[in-house]
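Down below are the structures I want you to see.
Note that subunit A is present in both complexes that follow, paired respectively with subunit B and with subunit C.
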Partner chain A sequence: MGGKQVSRTSEENLLIQQQLDKKARQKDLVMNLIPYAGFVFVVTALAIATGGNLFSTNNLANILNQSFVMIIVAVGASFVYAHGGMDFTVGASMGLAEFVIVTMILANRVPLAIALFVGVLVPVASSVSVACCALYLKIPVFVGSLGLRMVLMGVLNMVTTSSESGQLNISYNDYRFIDNVAVKLFVLIAIIVAGYYLFEYTGIGKKAKIIGGNRTVARESGINVSKYVIWGYVFLGVCVGIAGIFSLFRAAGVSNTSGSGTEFNLMTCIALGGFPLKGGQRSKIINAILGAMTVCILSNGLLLCNLDANIINGIKGLLFIVIVGLSYDRSSGKLVS
Partner chain B sequence: MREENLITAKKICKSFGPTRALIDVDIEIRRGEIRGLIGENGSGKSTFSSLVAGLQKADSGELYLKGEPYSPKDMVDAQRHGISMIVQEMGAIPGITVASNIFAGRLGEFSKFGILDWKKINRAADAVLADIGAPDIRGDMMTSVLNFEDRKIVEIARAMSTGPDVLIIDETTTALAQKGRTIIYNLIRRMHEENKAVFFISHDLDELMEVCNTITVLRDGVIIDTLDQESMSVERMRKLMVGREINGEYYRADVSGSSGSEVLLKADHISVRPWFQNISLEVHAGEILGFGGLSGSGMHEVGRALFGIDKVLTGSVTLPRKGKEITSPQSAVKNGMAYIPKDRDNESIVLTGSIANNILVPVWDKLENKVGFIRPGEEESVVQEQIGKLGIKCRNGKQLVKELSGGNKQKVAFSKWLGNDCDVFIMDCPTRGIDIGVKTDMYRLMERLKKEGKGIVLISEELPELLGMSDRVLLFKDGVISKEFKREEQLGEHDVIEYII
Partner chain C sequence: MKRQIKKWTALLLSAAMVFAMVGCGSSGEDKKEEQGGQKEENQTKLEDTSAADVDETLAAAPHFNITVMLGNFTDSQGVETKQMLEYIEKHFNVTFNYVETSNTTENTIAAIETAVASDTDGIIGACVKTAACVEAAGDVPMVNQPDIGEEMTKELAGKANYLGSVCEDDYAQGYAAGAALYEAGCRKVCIARMTVGISESIDNRGIGFLDFVAEHDDMELLADNQSRGQYADAVATFASAFPEMDGIFCVIANDGVSQAMVTEGLVGSVKLATVGYASSDKQLLENGTLVYCTGGKSAITMTCFLALYNYLLDESKMIDDETRLMTRNSMEIKSVEDFEAMEKYVVGDVPPYNAEEMMNMVHYFNEEFTAEDFAGICDNYTIEDLMSRRSN
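== the complex of A and B ==
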């Protein structure tokens, strides 16, 4: 027995360590690149399947309009998903925001700006309610937001179907200046820049990610968890409100289906973009945006292929399961808290 | 003695991501050998034993069992080859009988036409239990009625039920009291007499000296040395494990307590139900105030209440220098308090976060400018300063905390407060589960903080540490302070123990 010599020199060991580090970095890189690869794959496959129609000028405008709403909502949702929350009320609250704005416009008593402002407050209030259910009533956010979604859906259905036609319309041409590519691009860029700044360079985003990583640690390190959770929901609400304004003036009216399905589309965006569903440090706003674009192009392209909308929803649902199944880290607890 | 090797390992390598757990490990275990494996946390000792027990697979290198190539598919396969393991954490399943636990995964051996012969199973279980020296536990008992120690014994029975040639014991004895230890020591002796082999992993160097006839020291995945009975000594093992001389001054060298006169933290008649009632205390500048007691004594909860995590039912916690009352962790952090929780991985650090973000959590508020902007450059300089100051072993600040060893994780937990310029520290078992090298670093750090005039509350379940580091000790029993001691040379563990049990 006795002493034993290490059989490799320290240079060789250093080399092995460098190789292992490199391998780990490469694995990390591949994991980060998968959502981009998915985006490229979806675009390429659909471009081929539609014989290039995907890129026609007309359709590109369609894609912009559709992804515009989804990207804005996804940017707002980043703040909520980052801290491990979720919100199923966004579809119904978007519809209600549109209804409130339309009603105020038709009543013709207040300036447009005030109508829009009040409209944005509706989803803010709804999302903050979800936050409060979770924080103060200690209801799991999944359950609380699902319950509130049902309430809001009911209200939306009730108020929009009270008129005979089942929908409230405004003149498209009067508000054409809002449904305008330049305005939309400006708003889109402004929201992305603001979102990116808040998410990556201020306490709001940084602390949200810590809360998502481990709530107890956040609390015992002096982070006011409730405050930052509510901030996240406020930002989501504002984004949902803004998205609602633009979809309202595009459709020139509101019905009981306005905004419907946004909540589930949003989850698919988050998953497909590679944004971690449980939040935490890997959360990046760019992934939410990427996911929104992927989902919108996917829906649009499949529609161009003459697929039935129900089948498209089915495909998105299956894709959601597959992506979550592949990417979800099962080692660290439950998906839904 | 036959000179036959039971287990031969040749150039075993194993890495987890970029962390190399084992590097070219060669080991030969002969018949009759009781081989101790020692090393600091993260040295690779548990990794090696789990390879042999079939829990993991090596990246490269060969294992031989009795001269035949051996690569177990899983733990059951390893057992079939005659290798059993008793692990540190895994427990017996409480909802089923003792016999089902002992023969878990192998109950099929007792079936006749698809029907299990429970009488036979229970008889077999009783025989195994009697054989290892625990006839008071019976096979038909529900595991849930047994206490923690007896459940551990059921696990030992499971490991022994296959009559293994090699028994691996991974830090089991730390969890056991006298009864369980006696059983394990008897089994080890019997394995030796029957010319079989035992792998024994423990942190307790005195225990290893007593039990083992050979000891292998691992450090950073490499075998440093193998000691036989003549060359074994606790000092030598300690030195080999850490890789440098540990001088005698493990704890503080000075024998008399000292502190400034200024009160930094004051608790006035505080209570938290059901943990403690009517506790009053003062922490002075430059003082290490020790809390001693059992885990149910309320001392941990007093620490939480001092930091504002648990709301006090009566009384108040105040910082006289700032004239502020502590009502929440936010107010504590804002006013220069720091808290290091006992449960490091769940309460102290975000495992999935980077070192940088963990260090920065309490610091961000200070780095914000008027519009809330936090400059990445300023973040980086805080992180670099702390990594350097505490000597955190890592690639860079972006490395994830979960990849670090226990000691380095604890350094991260400390550094987030040091970067925040705190003057009162609440430390709940700050050296729990970390190795000697980092432990001494932590003790020196506490002394430095004391010299800088900080106030420290040291909550500890280890009496030597408590007495070795504190200026003043408060002993807790059943939610009240049962005794106060000042630091003095004669104070020993036996003076203290009657006030905590």
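== the complex of A and C ==
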């Protein structure tokens, strides 16, 4: 009798397991599709509301220009968010990188390439400092990066306001060749391809996801957690530096507001794209890119609609709540670790 | 059940967004219809009156879409500016598109690019700190408001679409605030100002004040507090740290500062000077605490509109020297009477210049109007001038 029961129970268990697997697959599929559906919904609704103006040639170039910086930063941030980290210094360090480049250009003593290289090192140093605070000083990354952000903002403010106008400008026409759609498109594709390769096919990305999934298990498995966490921050720093270069030549100047708010926009992009803020195996670089594009197209399209600024903020907030509310996997714990 | 609730919530929110989108798509037409209806109503009421004639003349002019940028439209100056522009929209055949830039160059450039893509006819820009902002406008004519220095004005002067910049003399206002405190007997003063580098015009107020203090040996600066808007906190800190303080200059007026003067027990012992005004300032003027403030600042956008509108209609340039900032006089308020007049004539239903007065400042309607007249009007912008115009 016991044997029969076991045999029936096994069949039933198998059936139940199959049903559970099917449900889990369906849930996964839905969760994965929601950010895409959100993106399609935003684009379609805005295309209708703007009477097709969203897709005009001029505006497509605008969308590229306006989303360029955020996509590059989002690609870099994927490596940090994948292991459950974050970095609030990106805006201030981008502003500082721009300041360093402008200062070197205005001093007219070093070749442009060196100025750009040194500029990129600034956010790399800043992001690595955030990592070191978390890894070696055991300061929660949220607190550490917030504190460093204040320090960097203070420095940026001090150095930019040392000039009488609080603004350091360079000639826009001299560097037009950098603020160019073709150049930007090339750089964007190169960074996305490099980021995707590193994220999906090398240890930097793969191990970041394992660390995000369970840091203790990763450590017990012999993964050098500190090494891969720092590599993630280095890649983020490089991306922020590159974004800063293009942001600088687009604005043709730097002030104490340069880069401000990038860190919060980045969090919005990451969450809106369905990228898990606590990292892990569900992290996909495409989600970060999708989030950045959704946010930028939303901002661009709502402006095209000639909507009141308060309504624009309201719609953005509502959409954020809806998409994150639907795509966030509650079973995996807190949204932010 | 949970899933159902989630689904319905999502559907409702999405529907709300779609309605908002659809609403925005037709908002311009709705507004126009509304305006048309309003105009018709006005014309019926004011048949054979000059106001109806003015409206009729203005409505017959070509229609323009104009993008107006400001750091934000939610502070007192932003709200006042929007009210004035809504008045213009009601009378003139124009539609305004309001864009907040949060005073960053990146946002400004993005907003300008998007405005150009939406076929705007003209731009009233703010936070134009670099030439890239004007470049982004392409061929679209552009007039700038504060936040632009002399150096940048000279650099922009060569651009074909750049029509000039309008501002108030913020340096002079800061200097005058120092003088007002000095006259009131203040010798130990503090300044609460915005972190330097965010806004050129606000920075200049601080520089003007500090220059006045530096020029007077018997005046001592006790503290220079810089923050991104925590002026009331600065007043509270000054009060506890410097009991000997007898004067405060705040680069931006707000109710928080006025309240702090009362709650910190400074009324009677410390004088206050500000640029701009707060709704509760009348009390401080009455008890002699507030010795200097200014009003009507938001009319800068109105002046920008007139410069742009003139160009759009018949390419008349009202700012004849683009290499210089067009400095419009500021309205100084030193008494309760001034404050009441400002509340009545600047913040009231009719802005500092009514539709008829504005129409007369447009070359298309008034062929005799010149750039010189325009400059003269800007110079005469005082509370006395406004009161005399309204009494007529």
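Here is the rule we use: the second predicted complex is superposed on the first by the 282 of 337 C-alpha atoms of A that agree within 3 Å, B and C clash if a C-alpha of one lies under 4 Å from a C-alpha of the other, contacts with A are read in each partner's own complex, and residues count from 1 in each chain.
One rule holds for everything that comes next: a residue touches a chain if its C-beta (ideal position, glycine included) is under 8 Å from a C-beta of that chain, and two chains touch if they have at least 3 such contacts.
Values in this document were obtained by computation on a predicted structure and should not be read as measured data.
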*Check whether A:260 is in contact with subunit B, with subunit C, with both or with neither, and answer first, second, both or neither.*
second
*Thinking of the overlay built on chain A, is A:45 touched by subunit B (first), by subunit C (second), by both, or by neither?*
second
*Considering only the touch criterion stated at the top, classify A:13 as touching first (subunit B), second (subunit C), both, or neither.*
first
*Does subunit B (first) or subunit C (second) touch A:305, or do both, or does neither?*
second
*Considering only touches as defined above, state whether A:322 meets subunit B (first), subunit C (second), both or neither.*
second
*Just subunit B (first), just subunit C (second), both, or neither: which does A:252 touch?*
second
*Which partner, subunit B or subunit C, is in contact with more residues of subunit A?*
C
*Kindly classify A:216 by the partners it touches after superposition: subunit B alone (first), subunit C alone (second), both, or neither?*
first
_Taking the superposition on A as described, I'd like to know which of subunit B and subunit C A:32 touches: first, second, both or neither._
neither
*Name the residues of subunit A shared by its contacts with subunit B and its contacts with subunit C.*
none
*Residues on subunit A engaged by subunit B in the complex (per definition of touch)*: 1-4, 6-8, 13, 16-17, 20-21, 23-24, 27, 197-198, 201-204, 206-207, 209-210, 213-214, 216-224, 280-282, 332
_With touch defined as at the start, can you tell me which subunit A residues reach subunit C in the complex?_
41, 45-46, 48-51, 53, 56, 58-59, 62, 65-66, 69, 157, 160-161, 165-167, 169, 171-172, 179, 247, 250-253, 255-258, 260-261, 299-300, 302-311, 315, 318-319, 321-322, 325-326
*Which of the residues in subunit C come into contact with subunit A in the complex?*
6, 9-10, 13-14, 16-18, 20-22, 24-25, 27-28, 72-74, 95, 97-100, 102-106, 109-111, 113-119, 129-132, 135, 149, 151-152, 195-198, 200, 203
_Taking the touch rule as given, give the residues of subunit B at its contact with subunit A in the complex, in rising order._
11, 15, 17-20, 23-24, 26, 214, 222-228, 231, 307, 309, 329-330, 332-334, 339, 341, 346-354, 357, 360-362, 364-365, 368, 372-374, 376, 395, 416
